[in-house]
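Next come two complexes, and both contain subunit A; in the first it sits with subunit B, in the second with subunit C.
Showing the complex of A and B:
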């Protein structure tokens, strides 16, 4: 049945797309608050996933009854510390350099984090378990409960994030810092704490995206390269100035990727999808939902 | 005294003297075999990466445009060289020039993209374009021979085959110095000043009558030309071109060379290329640290961050301001730093 295959592809696209959206939101959050484009988001997520994998293996070997849950909690704790340290050691000291300088720091972080992951965890590829194993059949469609878990988790995280940004005092602080950090500071907003906290949140979101994608890609040092680039393009497509845009951009890329892969060509899938997205970017340089910045001379 | 005066007043002198000394060293090595053959191969790498870094510096340092997809142009140059010399048997010089000119056309197309995008949008779009072209290299088997890669033979000029690595080092060093002199003239010309003006403020440059359209395209075209030529040298030096070489890591390495060596400086570009080729090798020989896998990635990343943090002008310029220029000032009783770059 054709429509079932189509639906299965769309569903798979929503699953990966929600992970792109999660990673993209982390990038946008950091960009809005601290003016840094975190190119190392994907590599940091990869590193966190390696730590999660290690916890999972050790706790399973030690006979712990719920190794996956232990690994999940471990991932959250580790990524929070990791994000805090990265911000403290590398980002804060360079916060007064030029926009290009800030960009270069995170590009340097890509090399450092990737290299350290290879040095610490080795360059082999490892299998990682799904959150919920097994699969359900609907006629010809095969759907894994894991997919529902991924989509549900992504929706919950996004709702919490949007609620926080929109309605809590902390969200007001984030928006104030994003709009103008000097004025925010004068108004008594602890901008340094806000920046540190957004880095922690973004790293945690990246770690969750990495953990959720790991069963499909395996755990290895290059696991996030493609996902990271797609999440970045999702952020650009949706617009860096909006929080909803990246989510829609992520879903679009996920679905488009699956459909092109199935109906046109698997070999040329990446080329077609990227080509298409770059063409959109040329016509809508600030994304589908972004504001066009007004430049001052 | 007169010697230092000559050094300081004639800007060409520094480059020509440097060129002659280098070529002489390489020539002596050719006769006596001073360097181990491993060192010769590393020096060839330094030479072609220097050409890459100079090209990338025109874009990033002088014109202020970022690109994370330039590895694709280097790959394109390398594949073109392999394709032309294997299928049409053109000589070294036509091949290397074609391998620069054809990527230059694609550079203009990238420049057209850059007209619409800025800063991080440009970085992400060029990263995407680079990855796309890398995939094209993998899949376009007719041109690139896919994952099997292409082999080619060493170049020949007027019947003289550069089979020996030392001969090839001499040849590529001469090409590097032609590139350096050309670049020096370029950046001190109207075009070079227009590029710097565009970098410092697009609006102010436009107000002075500089067409951003024209100069953005020129910056991208020139850098693609240089990087294509470097790709051609790569192909001749390694005699093997494989699609997995031209990924985002190489683009990051290009950025690292320019940042570590020094933005907007020719000497900085060469320093950066030397740093990226030699430092990981030297560290690998150290006990303990050298045994860490991927130590070269960690070091390059760390060096980039440290340079941005502590000497944003780059190693070469920092050294120049700190030691070389005060030396001139003392000798010549100048009030302000002379020289250029």
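Showing the complex of A and C:
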């Protein structure tokens, strides 16, 4: 039945879309607080996924009963430390440089992270297990419980993040730092800590996105290329100045991507998704939910 | 309470302050007067940690705070309300006030302070959910002061609170400054509106190209012929 296939594609789109959204939120969070466009977000997520994969394999070989859980917790811990170190070593020392300079730093990080991943983990492609294995049939629809896990996890992470940003003192501190870090300091906000924290959170969100997509892409040095690109499209589509925008953008890109791939052609998939972005940008230059940026003082 | 000892500061090679010595006693209102570029704002920036002095020291309640990070200086009880209001335009009035309470977040619930703040600034209480950027200039200045008060400062430093505001609102702002002071907050006030500033202040310092050229009792300065001529203009 056609509608079932349609629904299955939409559902699949929501699944990948929620991962685009997670990755995009990480990019937007960093961009807003530290004025840095982190082009290396995808590669950092790839590296974290390799570490996660390694933990999974080792703990399975060592006979640990829940290797996936060990890997998941390992991913969170490693990516938190990873994000902290990247901010401290590469981002903080260059925080006074120009926007272009900061971009070059994160572009350089792509090469460094990708190169070291190849050197440490090799260039082979590895199978990674799903969080929940198996599948369920509804008529003609085949749905994996893993998809529910991915969507549910993404929703929980986003809700926690939105609650924190909207209602907690630290969340207001993040938004204040994003708007005017000098005045935030004058109110007692430790803006350096806020910046470090956003890098940690964004890197963790990237790592989770990587771990969740790994069963579909396999674990290899180029695994994040597509999701990273799409997450940027999602962020631009939704608007870099909003936190809700990238989520909606991510879901739209995910669904559109799947439908175009199924009904039109997988060859034209990326072209059409890009075309869609460009059309939106013609009418909404700052994205669907973006505001015209106010000059920082 | 506050003491600046031989402070010199530079922006690159430009000398902003040379050998500034200044004292503020507990409970006082002290005004810093002078023309544009005389070093008034730079003095506040040195105190609040935004500008690191090349020489000299800042003491606050006998602690040396020279060169500390601004957020640490806030913890000591000094709040600097910068020039040009600079509220957070995309945060609501309440959120602006909430972030003001960052210093006291562990000891006090910021909501408990709102009633007290709205007593000073009744106009803000009708606009709690409005974005800061949508307020009028006068309201934004009130919000900037209110946000500073949320931190329960011991020393409140205001940089040109009257700048660009209508005379009636300026009067209100100065009334509020007096009231804040009468409730125990020490105030260091930077102003170009010398008439007003001398009226509310106990003492004043007059800066010229980074140096203190006159200082003394506000009343004496207001009646000093030289000061009148140079700073109080024809309105007097």
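To be clear about the criterion, the second predicted complex is superposed on the first by the 291 of 297 C-alpha atoms of A that agree within 3 Å, B and C clash if a C-alpha of one lies under 4 Å from a C-alpha of the other, contacts with A are read in each partner's own complex, and residues count from 1 in each chain.
In this section, contacts are C-beta pairs under 8 Å (C-beta built on N, C-alpha and C of every residue); 3 or more make two chains touch, one makes a residue touch a chain.
Quick caveat: nothing in here was measured; it's all calculated off a predicted structure.
Measured by the number of subunit A residues touched, the leading partner among subunit B and subunit C is B.
In the superposition on chain A, contact is made by A:286 with subunit B only, not with subunit C.
In the overlay built on the shared chain, the residue A:275 is in contact with subunit B alone; subunit C does not reach it. In the superposition on chain A, contact of A:122 is made with subunit B only, not with subunit C. Of the two partner chains placed by the overlay, neither subunit B nor subunit C lies in contact with A:223.
In the superposed pair of complexes, A:169 makes contact with subunit C only, with no contact to subunit B.
Of the two partner chains, subunit C is the only one touched by A:180; subunit B is not. With both structures placed on the common chain, the touch criterion links A:112 to subunit B but leaves subunit C unconnected. In the superposition on chain A, subunit A positions 297 are in contact with subunit B in one complex as well as with subunit C in the other.
For subunit B in complex with subunit A, the residues that touch the partner chain are 64, 66, 68, 113, 116-121, 123-125, 127-129, 131-132, 135-136, 139, 201, 203-204, 248-249, 252, 255-256, 259, 292-305, 308-309, 312.
Those residues of subunit C that touch subunit A in the complex are listed here as 48-50, 69-71, 74-75, 79-82, 84, 86, 88-91, 95, 98-103, 105, 110, 133, 147, 151. Residues 31, 37, 39, 90, 93-94, 97-101, 103-105, 107-116, 118-119, 122-123, 225, 229, 232-233, 235-236, 240, 267-268, 270-271, 274-275, 277-278, 281-282, 285-286, 295, 297 of subunit A are the ones that touch subunit B when the two sit in their complex. Within the complex formed with subunit C, the subunit A residues making contact are 169, 172-173, 175-176, 179-180, 182-191, 291, 294, 297.
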